[in-house]
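In order of appearance the chains are A, B and C, and numbering begins at 1 in each one.
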Amino acid sequence: MSSGRERVLARVRRALADVPRDERPQDVRVERGYLRVHGDRTTARTVDLLAENLADYRALVHRVDAAELPQLLKRLLAAHGSRSVLVPPGLPPGWLAAADPVLALVPDREADTAYALDAVDSVVTGCAVAIAETGTIVLDGGPDQGRRRITLVPDHHLCVVRVPDQVVGSVPQALERLAPGRPQTWISGPSATSDIELNRVEGVHGPRTLEVILVDGRTEGQG
Amino acid sequence: MSGTSGTYLGMPAFPAAARDAVRNETLRGNLRHATHTIRDKRAKAVAELDDWARLRAAGRDVKERTLRHLDHYLVQLEESVTAAGGTVHWAADAGEANRIVTGLVKRTGRSEVVKVKSMATQEIGLNEALEAEGIRAYETDLAELIVQLGDDRPSHILVPAIHRNRGEIRDIFRAEMGSWGRAAPAGLSDDPAELAEAARVHLREKFLRAEVGISGANFMVAETGTLVVVESEGNGRMCLTLPETLISVVGIEKVVPTWRDLEVFLQTLPRSSTAERMNPYTSMWTGTTDSDGPRAFHLVLLDNGRTDTLADEVGRQALRCIRCSACLNVCPVYERAGGHAYGSVYPGPIGAILSPQLRGIASEVDASLPYASSLCGACYDVCPVAIDIPEVLVHLRERVVEGGEVTRNGERVTIKPAKGHRGERAVMRAARWALDHPGALRAGQRLASRTRRIHPKRLPGPGRAWSDTRALPEVPAESFRHWWQRTRGGAR
Amino acid sequence: MRVALFVTCVNDTLSPRTGQAVVRLLERLGVEVEFPQAQSCCGQPQFNTGYRHETEPLVRRFDAAFADYEYVVTPSGSCAAMVRDNYPRIGAKAAAEGRGQALAEAAGRAVPKTYELTEFLVDVLGVTDVGAWFPYAVTYHPTCHGLRLLGLGERPRRLLERVKGLELRELPGAQECCGFGGTFAVKNAAVSAAMGADKAHAIESTGAGAVCAVDSSCLLHIGGTLARRGSSVRPVHIAEILAATEEEPYA
């Protein structure tokens, strides 16, 4: 194994004979003249753009005050015909308070098999950050998001974004907020494919229904 | 078409394969439809960002920095991945990589693996190597599934089954799914949504029981040890998170220095490849995570001709490629010849500069690839990392006709000119002599003008290549040079 | 103003009308045109086929032939792009091969003085109305090297739009290559012909009587394809359109 290593590294070094010995990586100039964010938007407008772009890629978008969230979740789960829902360990307990008596809440447990997850109808999570320009929500395994697989195997994902705090304008701004060491899943609309005649079709292996709920976090304290 | 992805040896040279493809009306229709659809969408997606040119320049710069200091970044990557709980392996060529992966799978005691679409594993023929050891590899990307079920070869980097239309895909699903697992539902139509649903159901059982996943990666961050896979369907997420063991085979050029560098490529790649602001799913993982995802992570760093490519100061830029396939989609030659004519898992303009560098130009098809272009430059225009593909094509043409010093398997060797260019070389020499002796040129022009009434309308021999489809230009009664002398006489 | 005409080997041998049109046009605009007899070919066919070393004498020849001129005007986007893009590469490679700076210096002299015709008209002379008359429906095919290497942009179109009597018809898929590509046309004849057929079809669909471009080599391929299909659309170099007037109409 180590012989492969030495061989490849030696080849790389020989191949780079033209690079001056005293050149350091940072001596190779990277011109970062691109924009940190595209356009000058108010916070409200950034949230609107997130909603527009999510919807453009077929996510179902809802906007509510924090106080209305439990009722909305209950309604959405019922409308989807869900009888069971996966719950990350750190999901705020109030969120599913209204749905609780009707639905089976399934905790995110390490011991559960993929088959067990496949039998659950829906999953409710928070997120780490959401990107307006691309209509993306990012999960990083935080307590209100759980293991990566719980947002993958069930066919219905409800993701709560606290606005405006969790919303950034652009991809560069999102990366600044995220911790690289954490496992991340960036989600932009439900699962899709362009493999048939390069036309986009929604719904392959990931959740076929993605509902994103933008909760106005500023009212949370008052509610 | 019985060959599978590993059997490109013995491919005919590009012109012969392309000639057959051009005659295939269905193929041309499929390709024209697909490439034109995505071309227009890409242009729109790119036009949304008014800093596109600057993102492109930054992408080029980041890749240049990486390539010029690749040893530094590979060592840093190895440290980061190891510190995060992963194991790093190094493979100098396809054989080594296949041995490493096969050994790792065997150690798990499993006899099947699920795979995310990966160019690197296709390049090394991993599925065939696993098959030889009794391990079955299931391709899970929809297009790869179509190719695998159809016992076909991929013809596009992003959409390997681009040469198939919906009706053909339905027929393949109906005929073949049953022998690989769950059969296609009765009465399956050619509606893309129904086809996608059939794939979902067929693959679901494989994902749920999977113990070993195999992937490539779009990016590897040296600084953090993070790997990135960009996808659409969710099959990637399945393979990357459900199995106990994950093995990623990644070309050494896929490393980028820093976490921040992703901000460039995560903007340029989706818009260039699927023409989306962002692809549906991007997975990022750093080694292993306690109680989330695979318990064992192996990274196999693959050379297989990349360091040979790196050794060429002009050709090196091909290693900037992020496999978006925008160059295929705009290429008028690809559109008509199709991907199979390129005789490689890397078709299109990028394939025409990558394959002859990764594999050398010893085979007929590899020596013909640098000529598989009209040098129209559309590929360079759309390339999100500004690879000057026409420049590299011409550079490789020189290697084909003149031979010279190259690096093969890490050694400097001098190669001879490729076969079949002797006549052409003589013509080029003669032309250069005539063009460098205007007196001779003048005499030739006069002779052509005097004999113009007896010039044939169609040429015999090699000249037929022109005159079969194009009228020959009529030679004028006098050349410009003679007209000038006759009318302007003594003037210069 | 005095300029040297670099007519190009294709125009010299196969399309002298194009060169004659440039002379007529520039002289009408008050430019003194000279034709240095020492010129021959820019070397593009050799270079693009892989024969860089065979191209080197032609770089030296170009430099010497046009040494006395401040402006070299050529009715070819492709040949202008060869000088501008590839001469410096040829010079740099020769230097890297330890053969001195002479070629690089020759390239350095050639590049800034070489202008494609429409560039010269719009950028140097500052004209778009050249007083031309061409009473036909015309479609314009932007050739690849003019479009993408030189970045001619709207220059040819702006000139054509000011031609009296000319009706400009939009060409579908205008930016797609016609399939000529130099030796590509014979090395990959099947693909080249298929591209040519699609281009010819697009041209015919406009209903124009003529297709014009800034490159005679592409026009030979397009014209040859049209002729073999029995089409009546004529290939015309833009210089011939711009040179035509009511007094001296296009013949």
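Rule of thumb we're sticking to: a residue touches a chain if its C-beta (ideal position, glycine included) is under 8 Å from a C-beta of that chain, and two chains touch if they have at least 3 such contacts.
These figures come from a predicted structure and were not determined experimentally.
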Greatest separation from chain A - chain, by CA centre | C
Distance-to-centre winner among chains (Cα means, whole assembly as reference) | B
At what distance in angstrom does the C-alpha mean of chain C lie from that of chain B?
-> 32
Distance between the CA centroids of chain A and chain C (whole Å) is 53
Contact residues on chain C for chain B in the complex?
-> 7, 9, 11-20, 34-41, 43, 45-55, 57-58, 61, 86, 89, 144-145, 148-149, 175-177, 179-197, 220-221, 223-225, 227-228
In their complex, what parts of chain A are in touch with chain B?
-> 1, 4-5, 7-19, 23-25, 28-35, 38, 53, 57, 110, 113-115, 118, 131, 133-136, 141, 147-149, 152-153, 171-172, 175, 180-207
Given the complex with chain A, which residues does chain B contribute to the contact?
-> 30, 33-35, 37-38, 48-51, 54-55, 57-58, 61-62, 64-65, 68-75, 78, 84, 89-92, 96, 100, 140-143, 146, 158-159, 161-162, 165-166, 169, 192-193, 195-197, 199-200, 203-204, 207-209, 221, 223-224, 226, 232-235, 237-238, 241-242, 252, 257, 259-260, 262-264, 266-267, 270, 274, 276-286, 289, 291-293, 301, 303, 307-308, 310-311, 313, 407, 410
Touching chain C in the complex: which residues of chain B?
-> 14-15, 18-19, 22-23, 28, 332-333, 336-337, 370-378, 380-381, 391, 394, 396-402, 424-425, 428-429, 431-432, 435-436, 438, 441, 445, 448, 462-463, 465-466, 468-473, 475-476, 478-481, 483-485, 488, 491-492
